[in-house]
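Some structures are shown below for you to check.
Presented sequentially are two complexes of chain A, the first with chain B as partner and the second with chain C.
What follows is the complex of A and B.
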């Protein structure tokens, strides 16, 4: 167990050194390869830990008596594996993708640091190691978000939002752990678990930790950094952040609710379910109306994390009532984690390829990429299938498991459970429907039809390395769906859930509720049903004489232009009308009249903007107050260093006078 | 006179010299004089370490004393002197507080330091060894130097004068450390002294550059870097 842990530490160091020392021309290849090796070592450690290997690596620190203990358990191993595999795909992709400012020394050095931090968070066995790894992850990702700071003001703003929210979440986590540590007098996780989960202090710790980890996970209303940082970061970084880093927030929640404070009060579970449901619906609604491709994906992350948190809350809620469904909900939570990691990597890498090839992120200016970028299109398509939770992808299996758990939680005794389960079912159904619409839009507008801009028209397929990473992660999306049996069995092991097995060709059986899912058989069956119909229609079509279409009178069709196609905005327009109150878009129609007559319009300009309601209503007032306080403080802070020193001197003298009395 | 008696005399002499140089630094305006006074202070600090080494019969402390003598008695004053020659301005002509009130301030700070150090003196007296003896009663000197150093930093406007204040502050910290802990490990002292040297080098170069770019090097003018 110690070998892969040491290996990843050493390899990350090599990667950083390579990034700093290698000359420009080969920096990407050298640093990228070393980063790939770091990620692979992380995945290796994850596999070992998931398999039940024990053992710890103790790293002495500069402070006497403080030792960093790295000892992943099975659950930690799973998250290390996820971070490692995503990191590997990202590293391969980055070699081809990074160029210009995203291929600087700093950027290449930040990537392995970020990945290492992410791999060490679930490996940590005590608070010191956990928090250190957490900050490595936060610091590395902040540097990555800042990549294009010199060119774009939005990047600086996004990085500021990200840095501040990350700091605040760190404070909350630190506070929560401090409460637990004060209760138990321990700093390692085994010792912290001795805290009484029913005490008031434990509840305080839970709230603080849930806020901290929830911020990292990007659940509503703590998600504001997500739709800013993800679009502005370089695409490989956003893939790693969205597919793996937010999962560390989920890992934190699992750590708190399963390992440190198992058996907490029911309201913890209810809070998690509520927050999860809110995130799921709000996230997918915002995604459905977004026309920036990466912003859309970022909001979809919020949605998926919402579902994950909902599943976790459901598992905790049902634990006392119905054992088998509770275990299944927990399994569904992990399945969602894994499948989201796979498809969100694919989608962000695909979005990066589109951005690289066309220079566009705005769906309304894309289109027709299917002909020019077949590999990217195929990979993005697979990812979109997974995100829409359609069979045969991992996303489908995960949501199916969650629904199985909830449907079989019928006849609940407690009122909270009886009210929550049906509501949550409704939320999941709504989310699934909207997700389908969102990804039909994302794929259809970006890749099908005719190009809507010059960039899209002249797009060229991306280099081989990027294609390999995209297609590999796309295949993983399908692989998780085709053979869910072994995956589910492995995940069940990670959290000690019984009664999950394989059936047929990689199918999954859930003994607790008597459900079986065999995607291969399902696929064969549907082909067997559909094939005769296709054959029959082909045969019938042949009997008819061949028709030649020639417009006698074109009705304007002969003068079509790409601008007449559906755009992302127009596609989402009906939805926007339905959810007008929830989304509160600002619309503006500007009519320029012909000079001679105000009855004739020269041009009509329509613009629509959807701001994040949570940000406008909840964060803006808080920021205004903070600004006012800062303005008041600025009077004291006039920039003169002598004055600052005088403050320190005066404070010292005052303290001494007080002490000497 | 026995070795211990000599050591006590040396300790009293060196701490006295430390206090005196600190007070003189507040009084003098000339930067070249300040560099010479700092050299004297460095030598006094080294003598203090030698006296503790003699009382403790500790050979390693003699090495520390050599480091202190080399860095604080010779190298750092030289660096400061070069900085003064590079800027070509010797006098601190824009004092915030005139020398007389500065000296009154020093007296007040020294009184405060003696009042505050009583618990430290009593606590170390309980430990035994050198720290319990005459060294314990010299602790306020170190604290006074820290306060005087801060006073210098706050009341001077030139970058180099502030550097002088910073060095006095550092000497004060070192004095307290030597007196209370009966010596500091060689490696620690070496590391700290080299750090201080680095700071002195950077500030000396920086003030030279500032002088070249802006003319008079008054730190007051550098107040644009905020928000």
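What follows is the complex of A and C.
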């Protein structure tokens, strides 16, 4: 167990040194390879821990008596593995993707630091190591978000939002752990678990920790950094942040509710279910109407994390009432974590490839990429299938498990469960339906149809390294769906759930509720039933005259302009109307009249913007107040050095007075 | 389960798929013919959809320039999704296939795959019509989804399983559950979403080519020849399978419990009678109904969601 952890630390150091020392020309290859090795070592450690290996690495620190303890348990091992695999795909991709400002020394040094931090969070066995790793992760990712700050002003703004929220979340986490540590007098997780979960202090700790971890996970209403930071960060960093880093927030929630404070009051579960449901619906609604591809993916992350938190809440809620469904909900939570990691990596890497090839992130200006970028199209298509939770992908298996858990949730008569479960089911179903629309839009508008801009028209397929990373993660999306049996068995082990068996070739059975899913058999069935039609098509094609191409129907005109196609914005317009009250878009129609007559329009300009309602209503007032306070504070802080010396002297006097009492 | 038994189940599934495929165009023909007669037209006859298919299979396909493989694959995927649903839903026989029981979530997902294939087909050619149809189609599909799952949930609570054949068999063996408030509400909700899912009035008018109202027809404008034949057959299959499901939930008698030839034959006849009757009723109903404005459709779906939700609460609290 210690060997891979030591290897990981050493390799990360090598990667940082390589990034700093290597000349420009080979920096990407050298630092990228070392980063890949770091991630692989982390994945190795994760596999060992998931398999049940024990053992700890203790790193002495400069402070006497403070030792950093790295001792992943099974659950931590799972998250290390997820972070490691995502990190490996990201490292391979980055070698081809990073160029210009994103390939600077700082950027290449920040990537391994970020990945290392991310893998050490679930490996930590005590608070000091946990918080240190957490800050490595936060710091590394902030540097990555800032990569393109010299090109776009929004990047600086996004990085500011990210840095502020991530540090506020750190404060909340620190506070929560401090409450627990004060209760138990311990700093290692085993000792902290001695706290009484029914006490008021435990509830305070839960709220603080839930806020802190929820911010990192990006649940609504703490998600505001996500739709800003993900689009502005370079795509490999967005992939790692969205697929792996937000999962550390989820890991934190699991750590608190399963390991540190198991058996908390029911309202904890109800809060998690409520927040999860809100995140899921709000996230996917915003994603459905977004036309910036990476912003769309960022909101979709909020949605998926919402589902994960909902599943966790469900597991806690049902724990007392129904054992088998509760375990299944927990299993579904982990399946969602793993499948989201796979498809979100694919989608962000695909979005990065599109961005690099066309220079466009705006779906309204893409189109027709299937002809010019077949590899990217295939990979993005697989990712989109997973995100839409269609068979046979990991996303489908996860949602199926969650639904199975929920429909077997309750005996008639239990009021809380009888009210919560149907509502949650409705939320999940609405989310699934909107996710379908979102990803049909993302894939169909960007890759099918005709190019809507010059950039899309002249796109070229990306280099081999990037393709490999994209396609490999795309294959993982399908792999998780084709063979859910072994995956589910492994995950069930991580949280001590039993009653998960295998069926057929890689199928899964949920013994507690008597359900079975065998994707291979389903796929075989689908091919078998449609085979006659395929054969008939082939036979008919040989007999009849050859297929001819012709321009698409243009309503009588010979050749229509690509501008007449539906865009992403128009695609989501019906939905926008249906959910007008929830989204509150601002629309502006500007009509310029012909000089001669009021009744003739020269040009009509239509613009529409969807702001994040939560941000406008909840954060903007707070920021205004903070600004006002800061302005007031400026009167005290006027830059005069004599005044500062006076402050320091006054502070010294106050301290002396306090101490001498 | 012995090999003979497995072979029997598979054989039954093959029979069921074949029967449904043969029936689908006839159901469509009956619906159209009923509609024509009630509107005072002679109508093209019950066999016209089959004749249309034969004509389309012989035609030379024309593909819009700049389209991708989606134009070829999507019609077959749509067809496959209809056929898979036909194999999994208990129409003729209420006995689950080994390894692939007709789990309602799986059936819904299989149908959704078809929905997505059709939506992508609409976007493929890059015309204004295709995009419009696709966008409306997906909006309706997204809003139908909660009702479907909620109705499924309500139906599965008394049985304790989401396997369709178990639900149908339980209703057949205990007819009291059919008339229970939860059962009735759930089936009514399901019937509304079937209309929405299959693009019938009042959600979509299958007979229109007016751009203001088109949904399904707008998506298939650029499809022709055999491709169009597969799309049409796939959509008809979807309608027939869902009608058959609603019919078997309302009137579960006649559904065979085993694989004996007599029971099978009875099952086939019962299914044919039920779906033809429902098809005729659908046609008659459509004559008396106007299409809803697109933006009134969510209200209809919200109504059916409320019904399904009531069904769930009823089965929790009343039962």
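Following the convention adopted for this analysis, the second predicted complex is superposed on the first by the 618 of 661 C-alpha atoms of A that agree within 3 Å, B and C clash if a C-alpha of one lies under 4 Å from a C-alpha of the other, contacts with A are read in each partner's own complex, and residues count from 1 in each chain.
By our rule, a contact is a pair of C-beta atoms (placed from the backbone, for glycine too) under 8 Å apart; a residue touches a chain by one contact, two chains touch by 3 or more.
This is a predicted model, so every value here is computed, not measured.
J.: Check the contacts made with chain A and report whether chain B or chain C touches more of its residues.
T.: Touched residues of chain A are more numerous for C.
J.: For A:562, decide between first (touching chain B), second (touching chain C), both and neither.
T.: second
J.: Regarding the shared-chain residue A:633, is it in contact with chain B (first), chain C (second), both, or neither?
T.: Once the two structures are laid over each other on A, A:633 reaches no partner at all.
J.: Could you say whether A:403 touches chain B, chain C, both of them, or neither, answering first, second, both or neither?
T.: So A:403 only meets chain C here.
J.: Looking at A:538 after the superposition, I want to know if it touches chain B, chain C, both of them or none. Which is it: first, second, both, neither?
T.: neither
J.: Have a look at where A:657 lands relative to chain B and chain C in the superposition and call it first, second, both or neither.
T.: A:657 contacts chain B only, not chain C.
J.: Please work out whether A:200 is in contact with chain B alone, chain C alone, both, or neither, and reply first, second, both or neither.
T.: It touches nothing on chain B or chain C.
J.: Identify the partner contact of A:526: answer first if only chain B is touched, second if only chain C is, both if each is, neither if none is.
T.: second
J.: Where on chain B does chain A make contact in their complex?
T.: For this pair, the touching residues of chain B are 96, 109, 112-113, 115-116, 118, 147, 150-151, 153-154, 157, 219-220, 222-227.
J.: Applying the document's contact rule, which stretches of chain C touch chain A when the two form their complex?
T.: It is residues 17, 57-66, 68-70, 76, 79-81, 83-84, 86-87, 97, 99-101, 103, 105-106, 109-110, 112-113, 115-116, 119-120, 123-132, 134-136, 138-139, 141-150, 152-153, 156-157, 160-162, 221-222, 225-226, 230, 294-295, 298, 305, 309, 312-313, 315-317, 319 of chain C that touch chain A.
J.: Which part of chain A faces chain C closely enough to touch in the complex?
T.: 288, 367-368, 370-371, 388-391, 396, 400, 403-404, 406-408, 410, 412-413, 418, 422, 425-426, 428-430, 432-434, 436-437, 440-441, 443-445, 448-450, 503-504, 507, 513-518, 521-522, 525-527, 529-530, 533-534, 536-537, 540-541, 544-554, 560, 562, 564-566, 570-575, 577-578
J.: In the complex of these two chains, what residues of chain A are touching chain B?
T.: 634, 637-642, 645-646, 648-649, 652-653, 656-657, 659-660
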